[in-house]
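Presented below are the structures under discussion, each in the form of structure tokens.
Look for chain A in each of the two complexes below; its partner is chain B in the first and chain C in the second.
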Partner chain A sequence: MIGARSWVIAAIAAAGLWAGWHADLDPRALVPSAGGLQVAREFFARALSPALTYESTTAVPGASPLLVKALGAAHQTLLFAGAAVSLALAIGLPLGFLSSTVWWEGDPAGGEGRLTRVLRRTLAPLVYAFARTLATVMRSVHELLWAVIFLAAFGMSHLAAVVAIAVPFGGTFAKVFSELLDEAPRDTAAALRAAGASPLQVVVFGVLPRAQSDMTAYAFYRFECALRSSAVLGFFGYPTLGYYLAASFENLHYGEVWTYLYVLLLLIAAADWWSGTFRRSFAA
Partner chain B sequence: MSGAEREREVRRLRRERPRRRFARFSGWALASLAVYCWLAGDFRLDLLDERRLANLRRFLGELVPYPLREGFDLRVAWEWTVGLLSQRGLEAAITTLAIAVAAICLAGLVASGLSLAAARNLTTPEAFLQDPVPPPRWVRGAGLGVVYATRALLVLLRSIPEYIWAFLLISVIGPSAWPAVLALAIHNAGILGKLGGEVVENLETRPLSALRALGATRSQIVVTAIFPMALSRFLLFFFYRWETCVREATVLGMLGIVSLGYWIQDARARTQYDTMIFLVALGVALVLVGDLLSAVARRVVRDA
Partner chain C sequence: MSAAASGFSLKAVTVDYGRGPALKGLDLDIEPGEAVAFVGPSGAGKTSLLKVLTGTVRPRSGSVAVDGRRLDTLSPGELRAMRALVGFIHQDLALVPNVRVIKNVLAGRLGRLSFGRSLQAMLFPPRAFVLEAHRLLERVGIGDLLYERTDRLSGGQRQRVAIARALFQEPAALLADEPVSSVDPARARDVVALLRSLAQERGLTLCASLHDVDLAREFFPRLVGLRRGAVAFDRPADRVSQQDFDELYDLESDPMPDERSVGGSPGTRTP
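Up next is the complex of A and B:
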């Protein structure tokens, strides 16, 4: 008797083989050409000696030192990420609430009127379905694709870059928050309703607090993701870490590339540590 | 109870409520960070000035497929769609899917090994059971050293975004599908390794201790107990990460790898915005198909 899990593993293996064949993944192509090998050797030779000053011999007069520039880029990366996540939360919280069932299914606010009941049966499922569809479309387009679309639509604008990250992140927040709200225990809400609380009170004091810690922990994790996305936006001309990294790599200044990589690494490792400690402080 | 007494009691309960200092501090820090970012960043509300609005209007006009700009005709629309799909859309979509599948398979293989090394309860010299004679301190230190070295490696792998990994790898291995596959595999191995390590650490220890007491070696415990016990959870993470791989594989094409992103970038460079939006929509369809497949697979795993 072969279990379902064995079938899943067999299917994964078959899919992997098909993928390797279809994408033409010849292991021999992994051996770099002489030029590639040269690049790799020079690049990794600098791994342990990142540049502390500019490698360019023709220094631009008046330019700030490399480390100051790297920290400035990290600062910009942080600014884009923080603005994007806060905007995404502003989108994702209401959208997530609307795409959950807590506000309409199972008589959450105890509305007694005839009109309330009819509305709950007709309008509410429509709003719910619309919110879920909107969230799905928002998060199905990658933030870099949003950035490309906005670049074409508006031209270069820092705000457009922030919105480009905030749209898919808002959609993801909506999805995850709605699941957390749906899975949270409804005992407090039921007790409050029985005690005669208003719908708003039921939601604010009965529903939200039961899901709040998980929602905050998830927001932290997405902040870390936003830092990565914000760094990559630099490849599209925004002044975050990716911009300087790509420029240094193309000028063959590999030491500078490592400097930017290590700064990015530190930024993300710090966010990773913070969100991990935050989650553990709830688990304990 | 008098009113004043009750008031005092309420105040005492409020004072003695469980508080998590760190969580509270983090919440405030994050909120102030958000305010700071909006104040310090250069995010002027410049999206709606004259020039940009004109730009936006032109852009929206060009989203209409060009054979349909004179007037809508279903047959023409159909031919345009089929033409795009057969020229490059379908092939690019399938290649994108293949890149995502190959990458997650590689990542899963690498991560299953790394997650064992990252699990403290398995890598320590006294796995799951205390030895009658405790091992010397340096042996114990070496075990911890392996754990922390593995975890540092995992942080390194997952901290660098896929896009940057791919950018660096292209100039080393040249333009095939490999840079995209490797970039996705490296990043996701870091994530799956971390999550897998946590799965192993959170396993029920009694059966593992029993095996160890019977004299099983570490590799025997891994094969006979840890693998079957941890597999379901690991596969859930595996499929979740595959969903993101599909999204990312689309985008990595913008670096010059022949996935959907390549043609999206190409259409943008030629300012064929109708084609660009069509391919973005195709990417959305691909992501939705991926989500559906993953949801089915996760249900099978969960019910097994």
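Up next is the complex of A and C:
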């Protein structure tokens, strides 16, 4: 007896095979060439012995020690990510609020004025649709693509990198925040409405607090993502970890590459630790 | 403190959520300062009745008057002012779990504050509010939990927060929906006794829906038995017989759908 679930699993497997066939996914491509295997071996051989000093034989006079440079790059990565997430939150919070339905649910038992009701039924759906469309446009383009566009438009400005991260992140914040608000329990909202609170008070004090802890957790997670994105933007020449990582990789200084990777790992781990501590101790 | 207790008058009130009536032509008068228990099986209309009294559910037909004023004639602002006079202790308590206890208590006053004042009161509570919230929490027995995070409290303590919030509202009437459902049976008696004494010392009208008929009989001078959305009996407690209760809970004939699944507020999910 084949149940419905087996059919679904079989269908998913068939779809995967079909897609793999048509996308020309040949498993033989994963067999490395002899040279490639050599590079990989050399690269991973340094995993447990990251460089503590420069591997270059021709030392640049006056250059700061490797670890100081790595920490400086980490600091820059942190600054870009922090600025980008702050800007993304400034965009995503209001946009997410407008992309949700919480602010135009109304009061079925008549605790709202006629003007409020008319506006809620006419203007609100338009604002809602506009906000959702804007958020979709913002996040449908990846931050690296935004970076290419902004670099072409503004040149190598630091603000261009920050905005390139903030735009798609803001759109993602808007989408996730709107869903968290829509899914937040409405019991407190109903209780405040029953206690005579106005529609605005109901949203601000009854709905927002119920979504706040999930929103905080998600904002911290996106901060982690921003650290990675900010590091990668170094490939474009910004002084973040990616810049030095790419340079060391091109010079085949794998020990240095590992040093930068471990610094990035520490940065992400620190952000995760901060997020956990903050959210455990926080109480409004 | 409120000047006077609220009285309620319901005439031929019918409430229908679209799947059959929850209340069918119900008549009921509650005098200011009275203590009334609504008893009856699940689905009898107890919660709907309480929601009609707070003005959060609008009857399909019939009239509801609070202190002699018909709710359907009130402007939105007047309706909110009326709601602010009625403190409601919800069955699921409806507290915000991830904030301090004091915030939940302060939220009771929102209906009397402008948006600007309420923002100020919630973010930077004035000293008078803090003292008053503390005094109320002390009165309900958890004064030391003022700054505790609400989700660290036990079920019984949370219920007392919900009671303190309703009192901070400065109500003229106190309504409680199944106030003993979230505490263990041993504490149920304490909670009902607390509600009763709070209403007495503040001169508030008290209405509570109760499953436990013994508690209802012990603490409430007047019992209203509800069955299938209508009043089955409405008598002083000492004149309600065991047979009245037996008839009330005799669901052999024509069972009603569960009340909460029909009329429950849409936001009772827990995260």
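In this text, the second predicted complex is superposed on the first by the 245 of 284 C-alpha atoms of A that agree within 3 Å, B and C clash if a C-alpha of one lies under 4 Å from a C-alpha of the other, contacts with A are read in each partner's own complex, and residues count from 1 in each chain.
Here, a residue touches a chain if its C-beta (ideal position, glycine included) is under 8 Å from a C-beta of that chain, and two chains touch if they have at least 3 such contacts.
Keep in mind the model is a prediction, meaning the values are calculated, not measured.
Of the two partner chains, chain C is the only one touched by A:P209; chain B is not. Of the two partner chains placed by superposition, only chain C is touched by A:P185; chain B is not. Of the two partner chains, neither chain B nor chain C is touched by A:P50.
Shared-chain residue A:G196: touches chain C; no touch with chain B.
Of the two partners chain B and chain C, it is B that touches the larger number of chain A residues. Once both structures are placed on chain A, chain A residues 213 are touched by chain B and, in the other complex, by chain C. Residues of chain B that touch chain A in their complex: 20, 22-23, 26-27, 30, 33-34, 36-38, 40-47, 51-52, 55-56, 59-60, 94-95, 97-102, 105, 108, 155-156, 159-161, 163-164, 167-168, 171-174, 176-178, 181, 231-232, 235, 238, 247-248, 250-251, 254, 261, 264-265, 268, 271, 273, 276-277, 280, 283-284, 287-288, 297, 300-301, 303-304.
For chain C in complex with chain A, the residues that touch the partner chain are 51, 54-58, 72, 74-77, 79-88, 90, 92-96, 98-100, 103, 107-108, 110-112, 115, 118-119, 122, 149, 165-166, 169, 265-271.
Only residues 107-113, 116, 184-198, 200-201, 204-206, 209-210, 212-214, 283-284 of chain A touch chain C when the two sit together in their complex. On the side of chain A, the complex with chain B involves touching residues 3-5, 7-8, 11-13, 15-16, 18-20, 22-26, 29-30, 32-33, 36-37, 39-40, 43, 76, 78-83, 85-86, 136-137, 140-142, 144-145, 148-149, 151-155, 157-160, 162-163, 213, 216, 219-220, 223, 228-229, 231-232, 235, 242, 245-246, 249, 257, 261, 264-265, 268-269, 272, 274, 277-278, 281-282.
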